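Below you'll find a set of structures to go through.
In the two complexes below, subunit A is the common chain; its partner is subunit B in one and subunit C in the other.
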Partner chain A sequence: MKKFMPVEELARDERFNQITQADRMADARSAVPANAESTRRSSNRLTPARADASDAARSLMHGIFVGEIQALEGAGRTCWDFTTGEEAPFGLKLDMARQAWDEARHVEISLKLGDWMGSDVGQYAENTVLFQAACSNDPVLRLAGVNRALEGLAIDVFTSMKEFGEMAGDPYLEFCEDWMLADEVTHVKMGSDWLRKVTENDPERRKKALEFQSIVDKMFSYGGSRSDSDESSLGIARRFRELAGFTSDENEHIAELGLQALEERKAQIREKQAAAKN
Partner chain B sequence: MTITVTPEAFSFVSFDSAYIARIATHVAEQLGLTDIDINIAVDETSPLTRIDVEVTDSLISIRPLSGALEDTRRPRQQSELATTLAMARSMLRARDRLRGGFENAPLDAELTLPQAAAWDTYILGRISRMDIEVKKQAALYNFRNRHGFNDASDHVFEKIWNTDSVTWDELSALSANTLTLSA
Partner chain C sequence: MANPQKPRAPFAPWDRRELPGSFSVEETARRVGHYKWAEMKLFEALGGWIATVPELDIKMRLGTHCYKHAWHAELWHKRLPELREMNPERLTLPANDAMVRFIEAMTEPEAPELTIEKLVGVYRVFIPHFISAYTYHLNNTSEITDMPTIRSIKFILQDEFDDWREGEMLIQSLLETTEEVDRAAAHQARLEKIMLEAGGIAGPGSIGINTPAPQGAMS
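Moving on, here comes the complex of A and B:
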């Protein structure tokens, strides 16, 4: 079986249509107002109070579904891509195998939640950016990219969806997201613990991994879709992140990256919209 | 009947205004709206799915955000089904106001979320009987989000979905009663 599989080779059937983060960022349209004079709504938080709440929740649910597939593929590849003992400790690979099992269960749960909410598999484009973060050839960078950045994002997303279900009175959504959230906290914790352990005597490698995580965290802010601003649809779930081993400073750093990404995206949108008008 | 679509050429999305006009004409004919002008102004700067509809005796104005006509599998590309659904939803809403017993209905912006969901259910139920593909489960999920996740709410959903004629007063009473039962 092939090792270090590139994102282009992910196996999908004809129901799926994959797009890259570059495709997504090339879209000059914006749900957030590019300038202060805009009359568009100022809050994009995913709550039932939004008129388009059902559509938005369905779309996010599909994003979670494909994200779970990619997380499964990422954790599974880490078990396979690295030699046991030499490149990755057996315990680390055992944890990744457990994570792969969790993600497989999440895929099934998300699939059923999609049915419940009225969407089909492949109804929305699949952004492959999550798996891209899982393509590093250093297992420590995988831990930083997948377990800390990707699964950290999952904590934010599941917290939002759980709250959405709670507010809307949807018992299935609330229950399922709560259980998956608990798993994600564990996955982040595994990543934090192994990253510390594996780089115990290699501060340079640890620094590199944390820098990589920072880059991925900014990428996963999706142009400001996750930040403390109400203009972002997702907030930062500080409490659950702390339970997963993120320090307050790390959470503040992620919050800062989210706001930076939002401002950069707004500037990009203003530029693209001005160019389109000329 | 004159149907106009703006913009004529799109810069943010790969939409075709002539194609939108053709679909709109077909839907208007199906709904018997051949005696009124229709103006469609697409806001291509937003990917959201909202559609504003305004009606006078001589003109129906439909203002969709571009997400309402988009293929969700292929961002920025137009979807025939989404465009058909957007036109059918907007025109049925307009027809209800013009000649369907919805003269008393508040303006779209003043509808409560449960009222809007009930009206949308009534519209989508009729569209499903026009041989246009509609996701009933998605409509049910929206209705439940606005009226409660319980059997009483599902029962009212089915009733509204299957009806071909209801007035605004009847529909808004059904919505209000469901909320009372769900409380």
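Moving on, here comes the complex of A and C:
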């Protein structure tokens, strides 16, 4: 078995339909109609009051499910791709194995929740952007991209989903999301701790890792889908992020990235609307 | 309890543990070092394979089993300094070259259509050899002086038996044709021959056969 598996080789059964982030952005169904501004919702947060709440929640749950599969695969690959001692400390690999077990349980939970919410495996496309962030050949960059950026996003997603379960009066959903949230805080903390430890005497490597994290964070903001603005479907779960080792400054940086991505997306929409009118 | 001052036998009638054991401190450390190396190779392989198997149920099981073997490696890593090996890496070694070749052959299957070979290597060859080496160690070490190793082996064996059963059931669920049965058997035989050359997880003497005379043991 080779080291460093490309994202195109992720093994799936025939139910899955994989797409890249580029495919997603180029999807014609994402095109903005000329009257989009007048039909735009004032808030995009997932609440039971939204007319499309059920489908949006099912879609988000499927996104969580495929994200958990990729997180499981990414943690597993970190156990395999790096030589113990020379490339990655023994303790770091033990933590990645632990994370693989946690992610396997999250896949199980997501499958059961998807069933509970009435969706099927493969009902929505699988965006492979998460595994792409797990492909770096530097374990420190992988920790920054996966454990801090990706798992940080998971904290935001699970917090939103837990709140949705609470508002919708669904204790089953709320209970499960809360348990997964506890694991994600642990994973982000693992990333924060190892990043600090491994780059203790290598400030250049740490800088590079944090820059990579910032790129991945922006990528995961999906054109402003996560920010403090109600126009974003996800908020930033500051309290849980701080528990996981993010500083207030880091949380503010992520919030700024989200707003920046949102503004960029809105500018693109305006351009498309203008072009459609002409 | 009539009289708390009355002397009692230090070993209760049901406590039949014996002091003698087959392994010296050095021999125990050597074996534990080989166990740790082998458990590490197993958890790394299971982790790597997760992304290569298309079957969702198997993908999840590999993730679960990956952690169990990492935990076993951690237990052995912590045991080594207690056996006077202050640099655990020094004894974290394969038993011999054949053992290295076994791992190379076991981890060779990569393509998504080779799930049978991946599982056969782990659950029909490697894990049964772990079970036999651990059982031999459990039954032959001093039940008093080496109790910490015994305790770890008991926890580990529970995992090994659970995983062995789960893995075997997954293999049986994948074998749908006689050709697939042949494939599984051929791969098992190929790996078993290399393991025979290796002499087991801890080398010759892993289960007491072909063992050199123990040094410093008290049997």
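As a convention for this text, the second predicted complex is superposed on the first by the 259 of 278 C-alpha atoms of A that agree within 3 Å, B and C clash if a C-alpha of one lies under 4 Å from a C-alpha of the other, contacts with A are read in each partner's own complex, and residues count from 1 in each chain.
To be clear about the criterion, a contact is a pair of C-beta atoms (placed from the backbone, for glycine too) under 8 Å apart; a residue touches a chain by one contact, two chains touch by 3 or more.
From a predicted model like this one, the values you see are computed outputs, not experimental measurements.
*Asks:* For A:G122, select first, second, both or neither according to whether it touches subunit B, subunit C, the two together, or no partner.
*Replies:* Only subunit B; A:G122 stays clear of subunit C.
*Asks:* Just subunit B (first), just subunit C (second), both, or neither: which does A:E103 touch?
*Replies:* Only subunit C; A:E103 stays clear of subunit B.
*Asks:* So, A:L94: does it touch subunit B (first), subunit C (second), both, or neither?
*Replies:* In the superposition, A:L94 touches subunit C alone.
*Asks:* After lining up the shared chain so the two structures overlap, which partner does A:L259 touch, if you call subunit B first and subunit C second: first, second, both or neither?
*Replies:* In the superposition, A:L259 contacts neither subunit B nor subunit C.
*Asks:* Have a look at where A:L210 lands relative to subunit B and subunit C in the superposition and call it first, second, both or neither.
*Replies:* The answer is neither, since A:L210 touches no partner chain.
*Asks:* A:A11 contacts which: subunit B (first), subunit C (second), both, neither?
*Replies:* second
*Asks:* So subunit A touches subunit B in one structure and subunit C in the other; where do those two contact lists coincide?
*Replies:* none
*Asks:* For a test of understanding, state which residues of subunit A touch subunit C in their complex under the given definition.
*Replies:* 1-2, 5, 9-13, 69, 72-73, 75-81, 84-85, 90, 93-94, 96-98, 100-101, 103-105, 107-108, 121, 131
*Asks:* Which of the residues in subunit A come into contact with subunit B in the complex?
*Replies:* On the subunit A side, the touching residues are 17, 19, 23-24, 27-31, 40, 48-49, 51-55, 58-59, 115-120, 122-125, 168-171, 273, 276-277.
*Asks:* Over in the complex, which subunit C residues touch subunit A? Could you list them?
*Replies:* Result: residues 40, 43-56, 59-64, 66-71, 73-74, 77, 89, 107-110, 112 of subunit C touch subunit A.
*Asks:* Of all residues in subunit B, which touch subunit A in the complex?
*Replies:* Against subunit A, the touching part of subunit B is residues 11-13, 44-50, 66, 72-76, 113, 116, 135-142, 144-145, 148-149.
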